[in-house]
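These notes open a run of structures that come right after.
Here subunit A shows up in two complexes: once beside subunit B, once beside subunit C.
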Partner chain A sequence: MSTLSEAASASAQDEPAPGRAWRPPSYWPFVLPALVVVLAIIIFPWLFTIWMSLNEWKVGSPITFVGFSNYLRMPTDPRFIEAVGHTLLYTVLSVLLPLIFGTFAAVVFHARFPFRGVLRAIFIMPMMATPVAIALVWTMMFHPQLGVLNYLLSLFGLPPQLWVFHPATVIPSLVLVETWQWTPLVMLIVLGGIAAIPTEPYESAQIDGAGMWQMFRFITLPLIMPFIFIAAMIRSIDAIKSFDIIFAITQGGPGSASETINLYLYSVAFVYYDLGYGSAIAVIFFALIVAMAALLLYVRKRTLWTEIGSGA
Partner chain B sequence: MNNHHISRRAMLAGSAAAGALALTGTPARSEVQWKKYAGTKLEVILAKGPRGDNLQKYIKEFTQLSGIEVESEQIPEQQQRQKVVIELASGKPSFDVIHLSYHVQKRQFEKAGWLADMSGYLKDPNLTPPDLVESDFSSAGLQYARNDKGQMLSLPWSVDYFILYYNKELFARKGVEVPKTLDEMVMAADKLTDPKEGIAGFVGRGLRNANMAMWSNFYLNYGGEFLDGKGNILTDGPEAVEATKLYQHLLTKCAPPGVAGFNWMESMASFTQGRSAMWVDADGWAPPLEDPAASRIVGKVGYTVVPAGPKGQFSSTYGDGIGIAAACPNKEAAYLLCQWVASRKQGERLLQAGGGVPFRNSILNDPEVRQGVKTKEWLQSVVDSAKISKLGLPVVIPVAEFRDIVGAALTATLSGADPATELKKAHEQFRPILERSEKA
Partner chain C sequence: MSLRGILGKIGLALAVFIIVSPAILFFLWMASLSVKFEVDNAAYPPVFIPEHFAWKNYADVVASNRFLTYFRNSLIVTGAATGLAMLVGVPAGYGIARMAAHKSAVVILIARITPGLSYLIPLFLLFQWLGLLGTLVPQIIIHLVVTVPIVIWIMIGYFETTPIELEEAAVIDGATSWQVFRHVALPVAKPGLAVSFILAVIFSWNNFVFGIVLAGRETRTLPVAVYNMISFDQLSWGPLAAAALIVTFPVLLLTMFAQRQIVAGLTAGAVKGG
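Our next item is the complex of A and B:
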């Protein structure tokens, strides 16, 4: 912050005095590289995407300006509407489940027990693996005839499942992979929160006769809420734009039962080569992500968790 | 893009030789001038698979023969198709020679004018050996390689026929005969299915898009055609409904659980583990089926043509070609490479390795070449399929959309949806897309 305010005061000194010619502020050569980079890799592609979305832009065919007709196509495109539903379901599930399991795991790993360090290290391993490698391993495990998951079910006398090979179970099965991979991240964030809680509230609660659940519910949980919130935000943004795991395991199938907006947009742009419509979907998708992030920030501002968190 | 420079020495040598020829007045000799472009560099973009392997394995021979340096890159099929299209559309591709999938890209490439015309080169004895003539390619190959004006825009390289693989041991155990018609195939599949043993009578592609390749074989045998005379799509007619009912029956009553998500890979896994008795797919899978390290059914696999339907017997046909980018600055050098790729020697090698079937009849019909093929029954099924070959997908630009939309309808029937309703819906969805693409 200090550099910014210094810069601001420097610019104030550069204000042209009456009667003297205006000179550019002395810091501009330092800003220029960043400005060029931002313009070239963020602003320009963005404006260009919007431009493409206003054209009928099919690879190998001439480009024609069509105004908003690509946007008007979306509400009448059943595959797009389905994709929005799949995206929301997938996102909600793959945010909630890692949050619940991750918080639970953090509480467990906060307690002292033998080999805690080793077990913690093992627990966070899924997070380190490459998504595509994970996806390939899980694809084999999901195989209804040859996969290990159905074998495990059979040990408990449960009937075999179709996992990612049936439209009704495909999204929950994919969420299972996502949960398995990202619970450790939530655990790490929340564990940091728990470690920062002072011990005094617990001592006085014990004196007052509070049980384990009550201490968790009324002391731990409120104090770690800001951390859970941060984890929720990171997970939401990750989950809504998830691509690799879904693409590598199901490619959006069976049929289009696990096709999220991201996968559909990829198909439209790079399999059907319809760059105009693909860009329009990208614009809407981006607006959706921004709206979600804004909502989360708003909720975060409205609560007092921030202060509790910073106090802890 | 690499420098396509011709070294000064090569240039001098070439022009000196040409001058000498002119002086002595020797008539143009009908032999390929392999060294004419020595020193040139070419870039080739390949789809990953046995065809690309076959090229890369022997490319040194071509360089020795011609003095042309070749850089090649193999990329998984789906990504390769995308990369090729995007680079060609940019007008400055990083490659000169392209491995293309006819069944997906033919119309798109022709319409965009991305490929160089080879017709002239093919007739030039300085560039083409006498045994390489258009008439040697099978009719499907020519249909793929020629545009509406009859120009050859690529050389047909390798063809895929759909065949029926079956497990002889499971057939013998249940006393089932090899089916000759689709009806018999259904009966056989019903009889062979044994849920208690975990045996499925039939396995095949259920996955959206991929499933079209197999379904189309049923469709063709029911007398289906993809387009009418005016270029309208026809996949909602009675033939399509009948073919889809057959597809639905086989994949819901006789197939392994989860088949709606199966592509060829999952189907092959089930078949090689001896868990499925029949499998209809492309002809390229003999090597893994007969590989003891990958298969439990080595020596037990039967190969035959896809059974006949009520309106005929066809083998759904797909294929790959090799072409020159229109933007390539060294087209004749690139052509030398293409004709080497489609040469007899390379075709023999491809066939004998079981990695693909050349489009050239002279290779397929040569008894000596046949002698070198390990699995004779497989070869016979391929030779028989070649006689009943028919293109397995409509030749239109939005092939990918077609496969996705109709393919999704097929997958939906596997969860119990009605074939006629789903096909009608898919038809309504696809028709405007086709109209728009053909108009543009």
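Our next item is the complex of A and C:
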């Protein structure tokens, strides 16, 4: 590409015309250092992971090539199958709940009210705060005897819960933390969408006597749909590979009740040091994430947006 | 004001209260836990503001558990990983934007959707072979996985919106492409530098997964150190909460004062590492 444009501009320089002396310099020297870094820390690990996944590779034992047998192990590994189920449940809930609350929060933050800037800063703090630090405090709040959450439940006359200490409630409890943490990101993305909507539709709707809910349902919602979709996309990718919160609060427990694929991957690779099988899981996990993103993109393309909305 | 207007105002105030209170209450409770003695932290019904403040929780954290070592480790890892990322990422963002090489952004996208653990397996082996485990170098290198894509991604966006006419004029005046970058393009992109720097610092500072595998006893960063406190001090909540607050306080402060940059960066690419 660069040689073509260089040739074109060189010929232009033979007959100097006003304003045609601009010759695009080569930008490769600017990109080269980053290219080396990216090759070393992103591309190389990927190629190496694929190679490792084809080997029986345990720390301390000899390495033997085994073809696809690490991959064939997954469908017959009950713990892996179980982890896939946990991941699906965790991901679906951790996408839907932040989408609902985040959209509501965006509508609220679009209005003008005193201290809006400060309140917005506080609102986005959960997603910026160090995940391990907040996980620690949530763990204390979940404590069945001393935790503040059971006290709050008792104020409403509700029975105490075991939260993350019981297999049946552990995933919903973790989703509660994840929702608390990531609703702000959805809010920010959707707020960007709402801010781009012109005021005319609202003005004419008001003249026609439309109520708040009608204006939201028939004007705002269709126009911000593309933004909600972007938020859903990002949220899905982050939720499916969520690690810090789950690891710090439950380590996948009790038992393996909250063990997602990512948590299981950690155990296989760095607790059992079965690096070959761990690499195979990493490859399949990545393929799953790509497939999920592709599916969402496909759904997005199949959905017809309104004229203004398609601008996103 | 009409009755409807007043009702609307009350409704809005209520809505604001509902959406902001989970965050406010959480951080207030975190602060409350961190300044209470064990008696108050174990009390039922819970005590919100104690009669006696346990400031010694903070003193204990800072004095014990090699806290200063871990703090220094965090500073070095985040500082080096962010500095290196700016050094290679800012020029790269410029080059990619000017070459309009949008396809190269696919690599950034791959980095964005890859689980952090996938990098750890091969790089862990590599660092082992190189004999680097036990130093901070492996963590600095692997944090680049988080910081470099953030910086490149955000800088592409900023350099694409800066006008190219000035650069053309500088070239005609005989400036080299490095001079054009250094003296024309870079000053215009200053807001982008701030945004990418702040986000790279936060996501590197917060990173946990790389540290639990790569860090030894002497090379833990603060998030890993706090996590390791859990098993030792399960029952003393005060110092634990104090440690958690100390770790995340710099980030909360940044969020408060650099909110505009953070929002701009997050909505531009919604980058998050790990």
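The rule we apply is simple: the second predicted complex is superposed on the first by the 265 of 312 C-alpha atoms of A that agree within 3 Å, B and C clash if a C-alpha of one lies under 4 Å from a C-alpha of the other, contacts with A are read in each partner's own complex, and residues count from 1 in each chain.
As a convention for this text, a residue touches a chain if its C-beta (ideal position, glycine included) is under 8 Å from a C-beta of that chain, and two chains touch if they have at least 3 such contacts.
Values in this document were obtained by computation on a predicted structure and should not be read as measured data.
Colleague: Counting only touches as set out at the top, which of subunit B and subunit C does A:F270 meet: first, second, both, neither?
Modeller: Both: A:F270 reaches subunit B and subunit C.
Colleague: Is subunit A touched at more residues by subunit B or by subunit C?
Modeller: C
Colleague: Counting only touches as set out at the top, which of subunit B and subunit C does A:A133 meet: first, second, both, neither?
Modeller: It touches subunit C, and subunit B stays clear.
Colleague: Quick check on the superposed pair: does A:H166 touch subunit B, subunit C, both, or neither? Answer first, second, both or neither.
Modeller: First partner only, subunit B.
Colleague: Between subunit B (first) and subunit C (second), which does A:V290 come into contact with in this model arrangement: first, second, both, or neither?
Modeller: second
Colleague: Have a look at where A:L146 lands relative to subunit B and subunit C in the superposition and call it first, second, both or neither.
Modeller: A:L146 contacts both subunit B and subunit C.
Colleague: Taking the superposition as given, does A:I207 touch the first partner, subunit B, the second, subunit C, both, or neither?
Modeller: neither
Colleague: Between subunit B (first) and subunit C (second), which does A:S61 come into contact with in this model arrangement: first, second, both, or neither?
Modeller: Only subunit B; A:S61 stays clear of subunit C.
Colleague: Intersection of subunit A residues contacting subunit B with those contacting subunit C?
Modeller: 145-146, 270
Colleague: Please output the residues of subunit C touching subunit A within their complex, sorted ascending.
Modeller: My answer: residues 12-13, 15-16, 19-20, 22-24, 26-27, 29-30, 33, 41-42, 44-46, 84, 87-89, 91-92, 94-96, 98-99, 101, 104, 107, 110-126, 141-142, 144-145, 148, 152, 168, 171-172, 176-178, 180-181, 202, 205-206, 208-209, 212-213, 222-224, 226-227, 230, 237, 240-241, 244-245, 247-248, 251-252, 254-256, 259, 262-263, 266-267, 270, 272, 274.
Colleague: Over in the complex, which subunit A residues touch subunit B? Could you list them?
Modeller: 56, 58-62, 78, 143-146, 160, 162-167, 170, 250-256, 267, 270-273
Colleague: Which stretch or stretches of subunit A touch subunit C in the complex?
Modeller: 1-2, 21-31, 33-38, 41-46, 48-49, 52, 101, 104-105, 108-109, 111, 113, 117-126, 128-134, 136-137, 139-141, 145-146, 148, 151, 180, 185, 188-189, 192, 230, 234, 237-238, 241, 243-244, 247-248, 262, 265-266, 269-270, 275, 278-279, 282, 285-286, 289-290, 293
Colleague: Spell out the residues on subunit B that touch subunit A in their complex, using ranges where they run on.
Modeller: Within the complex, subunit B contacts subunit A at residues 78, 82, 85-86, 88-89, 108, 111-112, 114, 198, 206-208, 256-262, 266, 269-270, 273, 275, 397-398, 400-401, 404, 408, 411-412, 414-415, 429, 437, 440.
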